[in-house]
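Got a structure here, written out as structure tokens. Questions coming.
Per-chain residue numbering starts at 1, and chain names A, B and C are given in the order in which the chains are listed.
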Amino acid sequence: MLDYITSYLSSNVTPGQAGNFFWATVYVMVVFGGVSVVVMAMNWLERKALAHFQIRLGPMRVGPHGLLQPIADAIKLATKEDIIPAEADKLVFWVAPLIILCASFTVYIVVPFGPTHAITDLNIGILFMLGVSSLSVLGIVMAGWASNSHYPLMGGLRSSAQMISYEVAMGLAVISAILMTSLNSTGIGTLSMIGIVQAQQQAHVWYAFKFFPLGLIALIIFSIAMVAETNRAPFDLPEAESELTAGFHTEYSGLRWSLFMLGEYAAMGAVSSIAVTLWLGGWLRPFPNWLSGSFFDLVFSLFPAFTFLALAGFCFYGVTRMPKHPYFRLETIGLAGFGAVLGLIGLILLITPVRTRVQDIYWFLAKVAVFLYLYIWYRATFPRYRFDQLMAVGWKVLLPASLVVLMATAIVGVVI
Amino acid sequence: MSEETKSSAPPPGGEPKPPADKPSAGTVQSTPSEKMSPSSEKPAATSSEKPAAAASEKPAAPVEKPPVAAKPAAPATAGAEAKAPASPAAAAKPAAPAKPAGPAPVPWESPLVSRLRTRHGSGVIEASTYLGQNYLVLESSVTLETLQVLHEQEGFDYCVDITAVHYPKREKPFDLVWILYSFAKNDRLRVKTMLADGESFPSSYPIWPTANWLEREVYDMFGIKFDGHPDMKRILLPETWEGHPLRKEYGITQQDSKWVQINLGIESGQ
Amino acid sequence: MTDPTTYISHLELGEPDKTYLDTNELIINMGPQHPATHGVLRVILKLDGEKVLGTECVIGYLHRGVEKIAENRTYAMFNPYVDRMDYVAAVSNGLGYCETVEKLLNVEAPPRARYIRVILTELNRLASHMLWLGTHALDIGAMTPLFYTFRDREEILKIFEKYCGARLTTHAFRIGGLQYETYEGFEKDVKNFLDFVPPKIDEYEELLSTNRIWVERTVGVGKITGANCIALGVTGPVLRASGVKWDIRKAMPYSGYEQFDFDIPTCENGDTFDRYMVRMKEMRQSLRIIRQAVDGIPSGPIMAKVPKVIKPPAGEVYHSIEAPKGELGYFIVSDGSTQPYRVRVRPPSFVNLQALDLMVRGALVADVIAVIGTIDIVLGEVDR
């Protein structure tokens, strides 16, 4: 048994590929737990960032600078009365949030956080991701229909139309990236997530910059389509607050509603990681060719530690700025404790073996974080599209553009 | 100074024309004299009060006195004053003729009134000016026709308001009031008619679509029905409410307690 | 309970269209509890998919019987009640009422009072337009302008609060003039505000006017022609956005507006974007008026000679002002007693709301929201 556990440690593949059930389970738990934590952090960050965009403070009461707000929210949502409308289709109503949740979490099975840091590596990884993530539309339609109410129904219908139309452009943009993976000596491409990143490594270029500007256009098309795919502003029509009160989840409350939110944020992370994997070199650190050599390797491997230490420093700076009133004593201690934890993590990350193993994950997450921040930024900036305009953008702008990019990529790839 | 002159004398003709309103265009042709007369009177009125107003504003001195001198008692020059409604009122009235005299309605003479009189004879019960505002009191039988004429031939293209007043002691207890405005003439006009309790009145919705809700409100508040209205039902109060609250016999604390009990499930809304 | 279907008399469902597929029309109830109806407005929509085939407004949820109350209060006692109608432009309501009663009494407020009235009323117009802009943008999905406009509206409310102690329902004016002299530093506050606000208005415009999604959402939406506006009695910025250059402040000046130099901004197309532009320009014009007024405030009394007990001679009078939403008129009938015999309020929101049906027919559900926002209704005034 112990051998079974330890044997994996020396292997150089993902637990899924190694067929090691124990480590696969561990990975699954770590990844899913991590995603949940990131969702909570994202929730806090969104509220804070949005607030500062809008000259407000955002959550300030629960914990220092509202750090514990997501936890308070989780407790509130979990203990809230769970209402199922009398006229609703109970089974479908009950299943819908689970489908969304499952769809958006299952995708993480193939997300490559590092060359070996994935739960498994499917040879059709990207196809799996697109396929499973689009299952969530089923949950939305079910939720809209089962509520037996007009607003959710319209939200569900809008969302199905929207997600299906944007998937086309999204898929074509993905194909143009996959085409690039076949530009090697063998001429065989790959659909494996890890394989795609390795192909970029071998090509010495992130696909966003390959055949400039074709790769970049494909990335832009994808990053627009993915916002629509996750029903976020400015494409948040299914839940357009001012029109449909809350869209497909109008009738949901408490825990069930929080599952929708969890699913939505997890899906945001999932599609962002597709973009990062396909175009931004996945776990690869910036400038591996230009700034190469052992010195730069060392510098870049120190980034994760420094990030955490900087955050810790930020916390301690916050501690000094806390009001001295006894009322704030607990918060001050809490903030200092939080800073200490961050600092400790930063120090651990300085240890060489940890450092080298973790930096892949760090770079991957950093790139995903940029996309997640963009989501918040969009939400603060843009009004909402109207339904027909959304369709027009999808079918009349993004689809032709992605087709052109695809063909151009193919032609350029053959010619060169 | 120059801006003052510009802004304070909005000549009726110079007022920007509402686009695409054929009836009023027709009006201009048919009644040139009508159109001219007010504008020829107006500058006289405004110019006479201009220095007074300017003098009163600029040195920031006590203001009560000069206008009195500049503008002899308003009602005296009724004929000339008649067509100058609200616009100069601001400057024309400040000095308020001695209180006890009080303003009184003075007969309103104008081509419009004489045309209406020739058309309807005794149907025009009264045409007066009170505080610079013109109003007509009409026999209810000719009112709708007159409204139509006012809209189509006299250029009153904008129906500001329709309302009613309840005088329970009168034989015909309801005053039905239309407040009309003409963009071309920059002039307001009130048309009143008297109605008996329970009497209905033909809807003016075909003339001014805006009458739709305004008449519904009159029905809601006074119980005056309008024939030919597309959707004659209550508007502010619930559909099944009993009583019409703006009638004088309806008390301030009165309510349809049955409705309240059935629909709100409480003893009283008070 | 009242049968809800009683309200949908002229919105009956048509026969299903069997030409292609069996489709049904849908009647959907928007409000009275809805985030985008600006209060307790209930709109019944008849939809074909997302397309609006017809609407019907059900109003009266906020009906307080203001006109009935007026008949049971003295003239002075009724004054604060008018603030509760259009509560985002309470000062305008007060101005309209006070001026009407003054007209009935045949007195006029002294020039200093009129200047201060103009300053406060125009500040209130700015506040009302700012609130409108924020909520309208929020309806269309742009969250951020709301907070910016509220930040700047706060400065106006601070001036109100310093002047009369109230922020929203100010009861700033009295019949015959003002009760309170301006506080120490009023003019400085107003001037500071005048310097503070223009860059902020630029900021709103920067966020919205050239924002592609905003333009797409508003251009061509909720179109109404000038002729239709007049036929429906629609006034205010909606009328002016349809190309009719009419503003009571110019057409029939009151409260000394003839002394100020300002323009009437108009646009041609009568769509949501034009109404937005008209209001943005109006905000700048208001600033112009305030600047002239605050520079030229005369000294002198602030109250005309009005008897302690207001007892206008019997008679009736209609007087209207240009409120931020349109023509706000008061028709007051006096029987010579201390209480008005009848007060009729001509509410701009109520009349303008009638145009909703015309403006949204054939549009999409999302446009209904945009159009409700762009008419700029306040339900307190619609229902009174």
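A few comments on the model shown:
Following the convention adopted for this analysis, contacts are C-beta pairs under 8 Å (C-beta built on N, C-alpha and C of every residue); 3 or more make two chains touch, one makes a residue touch a chain.
Note that the structure is predicted; figures quoted are calculated from it, not measured.
Distance from the centre of chain A peaks at B, each centre being the average of the chain's Cα atoms.
Distance from each chain's C-alpha mean to the overall C-alpha mean is smallest for C. Chain centres here are Cα averages; for chain B and chain C they lie 21 Å apart. Centre-to-centre, using mean CA coordinates, chain A is 45 Å away from chain C. Mean C-alpha position of chain A lies 65 Å from that of chain B. Multi-chain contact residues of chain C, defined as those touching 2 or more other chains: none present. Counting only residues that touch two or more partner chains, chain A has none. Residue ranges on chain C touching chain B, taken from their complex, read 1-2, 6-7, 9-10, 59-60, 63, 65, 67-69, 71-72, 103-108, 110-112, 225-227, 230-234, 243-246, 250-261, 296, 298-301, 313, 315-320, 327, 329, 331, 333, 341-342, 344, 346, 350-351, 353-354, 383-384. Put simply, chain B touches chain C in their complex at residues 3-4, 7-8, 10, 15-16, 18-21, 53, 56-57, 60-64, 85-87, 89-91, 93-94, 96-97, 102-103, 105, 130-131, 133, 157-161, 163, 165-166, 177, 179, 183, 186, 188, 190, 208-210, 212-214, 217, 221, 230-231, 233-240, 245-246, 248, 250, 252, 262-263. Residue ranges of chain A in contact with chain C, taken from their complex: 50, 53-56, 150-151, 154, 158, 233-234, 236-237, 240-245, 379-389. Taken in their complex, chain C has these residues touching chain A: 26, 28-29, 34-36, 50, 137-144, 146-148, 151, 207-208, 211, 213-214, 216-217, 364-369.
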